Structure formats: structure tokens, C-alpha cells
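Across the two complexes that follow, subunit A remains constant while its partner is subunit B and subsequently subunit C.
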Partner chain A sequence: MDELLPFLISGLGVGAVYAMSGVGLVVLYRSSGVLNFAFGALGAIGAYVAWSLLEHDWPQALAWAAAVLTSVLLSLAYGRWLAPKLAPRDPTIRSIGTLGFALVVLGFTEWTWGEQPRRLVLPTDSLAFEFALAGGDVRLTYTRALGLLLALLMMAAVALLLSRTRVGLKMRALANDRDLSALLGIRVLQVDTVAWLLSGAFAGVCGLLLANIVRLQATLLTFLVIPAFAAAIVGRLRSLPATVAGGIVIGVLEAMAIKMPGFAPFRTATPFLIALAMILMARGNERPA
Partner chain B sequence: MNLSALPALRLVAALIAVAASGAAFGQAKCGLNTGKAAAGEPIMIGAVVGKTGPDDFSASAQAAAAYFKCVNANGGINGRPVEYIVADDQWNPETAAQVASKLVKDRKVVVLAGNTSFVECGANAKMYADEGVMVIAGTGVPRECFFAKNYVPINSGPRISATIAAMYAAKTYQSKRMVCIIPNIPSLGNWGCEGAKAWGKANGVEVETIAIDPGSADATSTMLQAAAKKPDTIIMHMPKGLLVPMMAAAEQQGMGKKIHFVSSAPAYNADVPKAIGPYWNKNFAVNLEFNPLSAAGPDNKNWQAVLDQFGAKSDPRDTFSQAGYVAARLVTETLLKMDPKKIDRASVSDALRKVSDFRSDILCKPFYVGSGNRHNANNSGPMAIVDGNGFANVPGGCVTADDPELVDVRADELKLGLK
Partner chain C sequence: MSANWIAGAAVRVDADDLAQVQPALAGVSRQAWRSFALMVGTVLLIGLVLPWFSNAYWIKTLTSALALSVAAAGVAVLYGQLGLVSLCQYALLGAGGWAALRVSHGLAWPFELCVLVGGVTSCAIGMLAGLPALRMKGLYLALVTMMMAGGFQVVINVFGFPDGGAGWLGKVQGSERLLMVRPAVAPSDAAYLRYVAVWLAAVLALIELHRRTRAGRSWALIRRGDAAAIAAGVNILRYQTWAFGLAGFCAGVGGALLAGAVGQLDGRAFAASESVMMFALTVVGGVTHWAGALIAGLLLRAVPALLTDFGVNGYLAMIFFGAALLHALITAPSGVAGQLVGALAALRARLNRARHSAP
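So, the complex of A and B:
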């Protein structure tokens, strides 16, 4: 166990951002029934915007705000203009629509910024909690600690929004039955807008953190939506606490898998394996006795 | 001092400056250097490059294209122009086989020059040997490029590069324990680090390899795993896109203060020092497969002049480009020694195999092709250290790789009367 502890700590940071991304996915899914494949791509383009502004010596806070704003605006653009055109179609088609959007955003990001190696540095990187463990010294940077804190805060905030606010109530109504909610006078488009806005904001924040913790590379960030999906599947696309726990567990297990001889070079498969196991377990539970 | 003399002095100084810059950015020299365009029957030369895909590997062919353009504008190959056809393999072995077959069997190229691809050596090396066509490649990456009878990379390759980095660390930092980190890509992973390992075994240095998944999001765990092995030096052996987050993770874990970091050639890229940041200033040494891009040697200056006058402004001025230029020069100078009426595939391959003392200051040592079963003529290179937003040369100059796997290459060198 001593040997695994450093990896447990190093996995917490990535796991927290998986968790947060998972919450961003669940929020949208619960209100509009769309699995947002563009989540990673929206975060990536935001992070690139922040990088460019920081290169031009913009203040950190403004650069972050611009990153989140970029993700929110793009998310809203899709949610308001394109998503409604697909609204009558079944959920699979609506979800695959976002995959198309993801590829367009990814293509644009790669075309604009290219493959030049870059690094997004945040001021919280230079400070860290230090752990002197038997298995080796390890540092948890403030950025990663911040990721953990944000994951918990955002989960709580979204849970409150859904359970205590009017918009939250409408979101839940929409998730239950879109047509019926519309007949009852709920302004579907308005509620959808809030959901896309929230999802975009989550994407922006996660993109910034992941670009720092993982790397500023558009393709990788775009497809980091996969572990986020795995986290959301752990939460059965409904439960926020289970999604957060799932994300953290996936990050930690992926990091600890490095100590498994043979499996270590393929440890990126960890989220898929966990998602697969969860789906099989869910199917098992659904079977009639 | 007589003040009235100042304007005259200034004029003289300005004239000297103009003359000096004229010498520095001199006219590109290539081929017969006659200044007259060639107009005879074209000589077909091909190239296969990985242009579209995960990365753009076409800089070698772009430099070769510029050189051949210069040759054509300067008398060609004894009057015959070069028609240079570049094909994109899209990083797909199947496409690589198709485009190479088209060049060799349909377009009947007499030789290929400036090839750089991640997939084509495995796909095409046998076909090139069967068809008796030689490839003076720009840059070879996977193992297959260095183990083919008709494929001659100008660069030293990943294995040699990492071996030299390890030798440097042992000499400069007296390192006795090293970890070599490499992506688990077929034909690259493990093989790339084994040169350093074999050299270490013979020299009392323990080198362990960590093969990593290049798609992994978690660089920190990899660096912690490497540090857990308590090395004095970590050899980074990966593409620049992967290197930057690894170095960031090492920095965040405060490893640069306790462990030395060196790298193979991919880190020698103009963007890397700035991307990894000031923490690594004078603390990260990298191997170069050629002499530095800014070296003042006449051939290195000519490479830049050829690109400035015959290439596109957007053509990269990187090590791939250096390699493509050298490949095109080697082919051109070999063809120029032949009877222009008797240039066909067999005679060109024969002439190329006789190349035994090709000189360029871009390379550390004279280059040869020879008749060996495999080619790794370039097996030495200098080291440079990150300095501000660039690189500084380190003392010691070129280091020759002491990799036991080169035993057959050394035997070929002896046969050619080299060394």
C-alpha cells in the first residue's frame, strides 16, 4: 500500500476534473436528454483562448474569464440554434449531433493553433501540499487541490439548483417528459438554454484545469470526454454524488494502474473498463428476478 | 579626432556591414552552379512523406524540393532537370505502399530522396529492395528504417540519439542509474532505449526502461514511477507534444532539483525551451542528430540560402529540413558524376552504393552509403542545453554512439576504409 499512496494522491487531481466534467455532462443530460460529446472540445478551445491571451500578457483572471466565456458562447450557440432543430429526433441522434459539433470545434482549434507544443501555466501550480511518504515524496499542487474543491462545490451547487430553484424544477420536469412539460406551459427552449449555458461553463472550467493538469493539446482534451462519460455512467447519468465519486475513483485507479505490471502501458483503458463493468452491473440489476 | 571625418567613417562602416551581410546570406550554391536553367529530358526522383496525419513530416521533402529547384535553375544534372514527385502516405501503411508502388512502378523514379515517414519503412523497405531502387531518406524514425538494404536515412535515429544522451549524462553528471522513458509505439518503444541500456551494461551504468501509453492523461504518475526507481538521470525519449506535459509534471513534483534530465533529438525544437518554461533553464540537455541549426558552417549556411531563395517562406527550418537538404545534395552530386545519357535505376543505385566519403558540415562525420545490409552512417551528434528560450552548445562537440548494436555498421565502415 505504501508504494501505491503517491499514485493515489497524484490520481486525485485528474480524477477531480473527470468528476467535474461528469457533473457537467449529467446536468445537460438530466434536462435535455442530450449526451454532450462536444464537452471536451469546448473546454479545449477555451483553454487555447486563455493561452493566447496570457501570451499577450493579459491578466490571469481576464484570461480565465475569456476561456469560460468562449466555451459558454459556443455551447449556447449550439444549444440555441442547432440543438432545437434536432429536438424532435430520438436521443441517440441528438447526442451524435454534438459529436459532429465536437469535430468541427476540434478541427477549428487545430487549424488555428496547430501542433506547436504549449503549456498553460496557472499561478496555483507553483504551490503544493507536500507529502513525504514511504513510497516516495509526492506533491499535490494547489491547482489539483482546487480541482477537487471545485468538483465538490459545483456538485453541491448543481444539486441545490435542481432541488431548490424553479429552473431546477423545470429541468427535472423536462427530463421526465418533454412533451408533457411543454403542454403544461414550461418554456422548453428557455430551460434548455440554462442547461447549455451551465454545461458550457463547466466545460470552460474543466478545459482550463485539464489543459494545465493533463496537457494543452486539442485532440487529447476533446477525447477526455470519454473518462467523463465513464464517471457519468457510474452515476447512471442521474446521481451527482455517484458521478463525482466515479470520476475520482477512475482518476485514482488509472494512476495506480501504473504499478500493475503488464497493464501499466495500457492504463488509459481504465475508464472504459469501469464504464463497461457499470453497464454490465446495471443490466444485471434490471433483469427480472 | 577630426569630427569632419565622421560621416566618411560611417559610410565605410556601412559598406563593410553590407559586404559582410552579403557574405553571410550568400547566393545559394547547388549542382553545376551555372545560373542557366536545365531543359533536357527530366530525371524522375520520388519521395514518400507523412504529411497529413498526427504530425506533418514533410519538411525533409520540402528542403529537397528547394534544392532540386536550385539545381534545375543551375544547369540541372548535366543539362537534365530533376522532376521531383512527393507523395503523402497520410501516416497509413496501406497508403504508403500504394503511393510508393505508383512512384517506383508507374512513374519509374530512378531514386527516392528526402523520405520521412513513420509508417513507410515497414510497408515499403522490401519492395524498394526487390525493385532495386535506393532511398536516400531524410529522417528515419522506426527501427525498420535502419534495418533495410536500400533505405539510407541521413539522421542517426532515436536509438543512437538516446544512447548519446545517456553517454553525456554519465560523463557530465557521473550518473550511474538512469531511467529511459519512451512511448510504447511498435518498432520504437523499448528498441529506442535499448541502445542506452546496452551501452550502460558495458560501462557500469544501469539503465531501466519505462514504456508509456502516449494517450495517457496522467503524466505525473509516470514521472513518480520513474523517480521511485531512484535514478540520477532521466532520459526523455518522446515526441515534443508528449515531452512538454512530462516536464511540467516533473517540475511540479520538484524533480529537477534532484535528478538530471536529458533527452533524445525530438526535444531539439525551437518551441520546446519556451514551452517547458524557465525552471529547466540550463537544466535540460538534448541530443542533436546534426550540427546546430544556427551553425556557421558553409554547408549549413547554404542550406538556409537554398531555402530562402528556392523554398517557401513557410517551409520549416528544422532538423528534418537539414536532413532533406543533405539527402538531395548527396543524390545530386552522385548523379552529376554519371554520364547523363546513362542514368537509369540500376546505374544510379550502383553509383549511390559507391558513395563512401560524402562531406557536409551539417553532419559530424563524413557520410557513406556502401553496400551494407543496413544503413546507420550517421551515428554521432553534439549535445545542447536549454538556455533561455533557445539552446546553447555544450563543450565536447560531436559524440559518437557506443551502441553494441552498431557492430555490423562498424564492420561496413572498416570495409569502406573509414576510420
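So, the complex of A and C:
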């Protein structure tokens, strides 16, 4: 067990980001019925903005804020301008629409910043919690710890928002039945705006963390949304706690799979295997007649 | 016309009207066969003409483009006929390519058989992938297939494609990688381009025959909803799985043809994002008309090559593709092909009018 612990701890960092991405995806899906394929692309462009600002010696906090702001603004732009044009269509088409947006954002990012991979260095990298164990010392950098903490905090905040506030109630109403909610006088666009804003903020934070933990490369970050979908699938695109748990479990299992003989080269397939198993086992996804 | 005949049984049917129905039906049928022949003829003509106008580089590029068109035709069947989103077509293409390379190197079967083996393998995998779709909403199917594409990316990265080595995986260790043997009738690059065009015409014809017979009618009903399909006596399990199988077959044939074009395939080229791009560009090309698949293949391979020729950054094409996908989803559901067909029809109408009004 001791020799697995370092992998468990490093997996926690990635798992936290999967969890956070999952929550960002689920929040939007629950209120507006859109599964955001552009989530990764939005995070990537935010991270690039932060990288550029840091190159120009901006203060760290401002650069991070600018990154999240970029993601939020782009997310809002799509949510208010393009998403309503697809609103009457079924969820599949609405989700595929974000794929087009993802390609636009990804193309723009790669075109502007070029494709050589970079790494976004955060000041929290140099500090770490040290654990002395029988199997050797383990370092958990502050960045990863911060990611884990942020994931839990943001999940809790979103859960509170959904269960306790007026806007959360409206979001849940929209999730149940969009047309009926509109008939009851809920301002659909207003609620949508909140959902896209939240989702964009999650994308921005996840982009920053992934650009640090993995690397800063737009195509890679854009398609890291695929394992993040796995976390959302574990939560059945609905439950926030299950999504968070799913994300963290996926991250940890993926990291620990290094130690599994024969499976190590395939370990990046872990999210997909878990997601497939969840989909095949889940009940209640039956399509309407 | 026979309006009263259609309106209901209460109206007495005129003998004259009935007599008009038969020729009208025959006319429709003739028209259908004409457009069928036009499709096969156009694809064959394209294959015949292209090598004359292309240099060695473009012949290679267009060969891959046509091979990918075969696979894109499968995406179009699922999305255009049944409204199902499948995001693993490029992975299926890889699986078909793997099987074809394996039998080509391992058993030295003739090329045509290798292509069929690739097609049948992906057909079987496609059917399996389609089974969850029987009890799932559309979005979940997209997710299932996306997860499959993600898994395939990892597996093929580790295993790689057979290149003449020993063992079950057929990987060469140490020595040089072998190339897949080209078909006996098409040893040169130019001949191979024509050969791929013949396969494309054959696959498009196969799909078109499906669309015009019982399968196509069943698909249309399934698309309307399970209730409609069951009420009409359609066997949903059989016809939906059939559609997935057909789409898989297209992917497998495309993969085998691609393997034959280059001689080998690279495991790193089969990322999940490729399947996503293939779906996106098939929708942009158009899923309701056969030309859509052709356009999708060109968008996937020829357009990026063209931009490189002009020294334009390839990522600008991606911005354009994304915008085109949104445009296709929002305002042009039949894609570029649909718009071209519409423009041609408008042109023909204008010419006809001009001819009739001329003295």
C-alpha cells in the first residue's frame, strides 16, 4: 500500500480537476440541456491568456483573474448569442453545436499562440506538503492541494446555489421542463446566462490548473474534456456529489494503474472504461418512445 | 392529378385517374434510377479524371480524401437517416485498417479480400457499438461512442498497426516496416486513386440501395420515434443494428483503402479528436446527399493540404470548420452538398425559363 500512496496522492490532483470539470459540465447540462464540448477549449484559451500576461510581468492574481474572465466572457458570448438559435432542437444537436464553437476557439488559440507545448508555472508549485512514509517521501504541491480544495468548495457552492437560492430553483425548473418553466414566467435567458457564466468560470479555473499539472497545449487541453465527460457520466449528468466522487476516483485509479502489471500502458483508458461501465450499467437513460 | 384518389376512399376513384398513377410512378422510378446512375457515374468520372490533373503529391492527398469519404458516408447514414450521432467513426476506420493490414501481411490474401475483411470487422464492431443505442437517448449514444473512440486511441497507441512482423500483433521488431501490398490491378499511385474511386462508388451505391428499399423506409420510421416504428411493424433491433453495421462497414473499407494508399498506418494518428472532426465535417459536407461524403473527405484531407500549399496556417481552417458546423446546424441542415444541389436546381430553373421565354 505504501508504494501506491505517492500515485494516489498525485492522482488526487488530476482527479480534482476532472471532478471540477465534471461539475462545470453538469451545472450547465442540468439547467440548459447543453453538454459543453467547448469546455476544454474555453479553459485552454484562458490559460494562454494568463501565460501571456505572466510573460508581460503582470501580477499573478490579475493574470488568473484575466484567464477566468476570458473563459467566462467567451462562454457567455456563445450562451447568449449562438445557443439560443439552437434552443428548440434536441439536446444532442444543442451539444454538437458547442463542438463547432470548440473548433473555432481551438483554431484561434493554436493560430495565435502556436502549437509548441508550454507549461504554466504557478507560484504554488514550489511549495508542497511533505509526507514521510515507509515507501519514501511524498510531495503534494500546493497547486494540487489547492485544486482539490477548490473542487470541493466550488461543488459545495454550486450545490448551495442550486438547492437554496431563487436562481437555483429556477435552474432546476428549467432542467425539468424548459417550455413549462417559460410558461410559468421564468426568464429562461436570464437563468441560461447564469448557467453559462458558472460553466465558463469552472472552465477557466480547470484550464489554469490543467495547464499547470499536465501542460499548456491547446489541442491537448481541448480534448481533455473527454475524460472530464467520464466524471459527468458517473454523475449521470445530474448528481453533483456523484460527479465529484467519480472525477476523483477516476483520477486516482488512472494514477495507480501505473503499478498494475500489464495495464500500465493502457492506464489513460481508465476514464473511458469507467464511463462505459457506468453507461452500460445505468438504468433510466432509456429513450422516450 | 389524382387528388381525389389520394384524399380518401369515400371519393369514387376515376378510371382515368388510376390510369395516370401508373405512369407517374414509373416516372418517379425512372428519375430515381437516373439520379442513381448519375451518382455512380460522377464518382467514377471524378476518379478517372483526377489523376490527369494532379501531381504525385496531390494524387496521394486525393486518394486519402476519397478513402475518408467512404467512411464519412457511414457517418451520414447514421446521422442523416436515423438522426444518431456516432463519434467513433475514425476509430472504426482504424479497426478496419488494422484487420486489413493483419490479413494482408499475415495471410497474403488478395487486396480486395483484405478490404472486405476490414469492412466486415468494423461492421461487427459497429453493430456492437450500436447495441446500447437501442435503449438510450441520443446524447448518451454520442457519449458512448466518444468513450469508445477514446479507448481505441489508447489501445492502438500501444499496439500499433501490423507491419509484417511475427506474432498476433504482427509488429516488426528492429527491421524495416513492410508496406501493404497494393491490388494487382492498381500498382501505381494514379491507378490506385481510380481504384479507390471505384470502391467509393460501390459503397455509395450500396448505401443508396439501402435508402431506397425496406431498410431506408424503416430508418425513416425509426427516426420519427419508436412508437411510429413499432406501429408500422418495423423491427427496430434489426434495422437500427443494420444501420450501425453498414456505417461500420463503410469505416472499415475506408480504413483498408487508406492503409493501401500509404502502405501502413500510424497508431498515433487515431486520436479521439479525429472521430469528432470526421463527424463535424460530414455534417458540414451534408448528410442527406451522396455528394456530402465526397465533400467531407475533401474537407478532411484536401483543404488542409491546399492551405499548406498557399502557406496559410492550418488552424485557420479549423476556425472555418467550426463556424461551418454551427452554420450547418443552425441554418443549413443539408450542408454544403444540399446548398450546391439547391443552387444547381435554381440555375436549371432559370435556364429553363430563359429558354421558354426566348422566341
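The rule is short, and it goes like this: the second predicted complex is superposed on the first by the 281 of 289 C-alpha atoms of A that agree within 3 Å, B and C clash if a C-alpha of one lies under 4 Å from a C-alpha of the other, contacts with A are read in each partner's own complex, and residues count from 1 in each chain.
We take it that a residue touches a chain if its C-beta (ideal position, glycine included) is under 8 Å from a C-beta of that chain, and two chains touch if they have at least 3 such contacts.
Keep in mind that this is a model prediction, so the values were computed, not measured.
**Q** With the two structures laid over each other on chain A, which partner does A:Met281 touch: subunit B (first), subunit C (second), both, or neither?
**A** Neither: A:Met281 stays clear of subunit B and subunit C.
**Q** Going by the touch definition up top, name the partner, subunit B or subunit C, that contacts more of subunit A.
**A** C
**Q** If we overlay the two complexes on their shared chain A, which of subunit B and subunit C does A:Val214 touch? Say first, second, both or neither.
**A** Touch partner of A:Val214: subunit B, not subunit C.
**Q** First (subunit B), second (subunit C), both or neither: which does A:Ser95 touch?
**A** second
**Q** Applying the document's definition of touch, where does A:Pro227 land relative to subunit B and subunit C: first, second, both, or neither?
**A** both
**Q** Touching A:Phe266 in the superposition: subunit B (first), subunit C (second), both, neither?
**A** It touches subunit B and subunit C both.
**Q** Which subunit A residues lie in the overlap of the subunit B contact set and the subunit C contact set?
**A** On subunit A, the residues that contact subunit B in one structure and subunit C in the other are 227, 265-266, 268.
**Q** Flag every residue of subunit A that touches subunit B in the complex, lowest number first.
**A** 3, 6-7, 10-11, 13-14, 115-119, 121, 125, 128, 135-139, 141, 210, 214-215, 217, 220, 224, 227, 251, 254-255, 258-259, 265-268
**Q** Taking the touch rule as given, give the residues of subunit C at its contact with subunit A in the complex, in rising order.
**A** The touching residues are 85, 132, 135-140, 142-144, 146-148, 150-151, 154-155, 158, 225-227, 230, 271-273, 276-277, 279-280, 283, 313, 315-326, 329-330.
**Q** In the complex, go through subunit A and note every residue touching subunit C.
**A** 35, 37, 82, 85-86, 89-93, 95-97, 99-108, 110-111, 219, 222-223, 226-227, 229-230, 233, 265-266, 268-269, 271-273, 275-276, 279-280, 285-289
**Q** With touch defined as at the start, can you tell me which subunit B residues reach subunit A in the complex?
**A** 55-56, 184, 211-213, 215-222, 224-225, 227-228, 240-241, 243-245, 248, 252-254, 269, 271-272, 275-277
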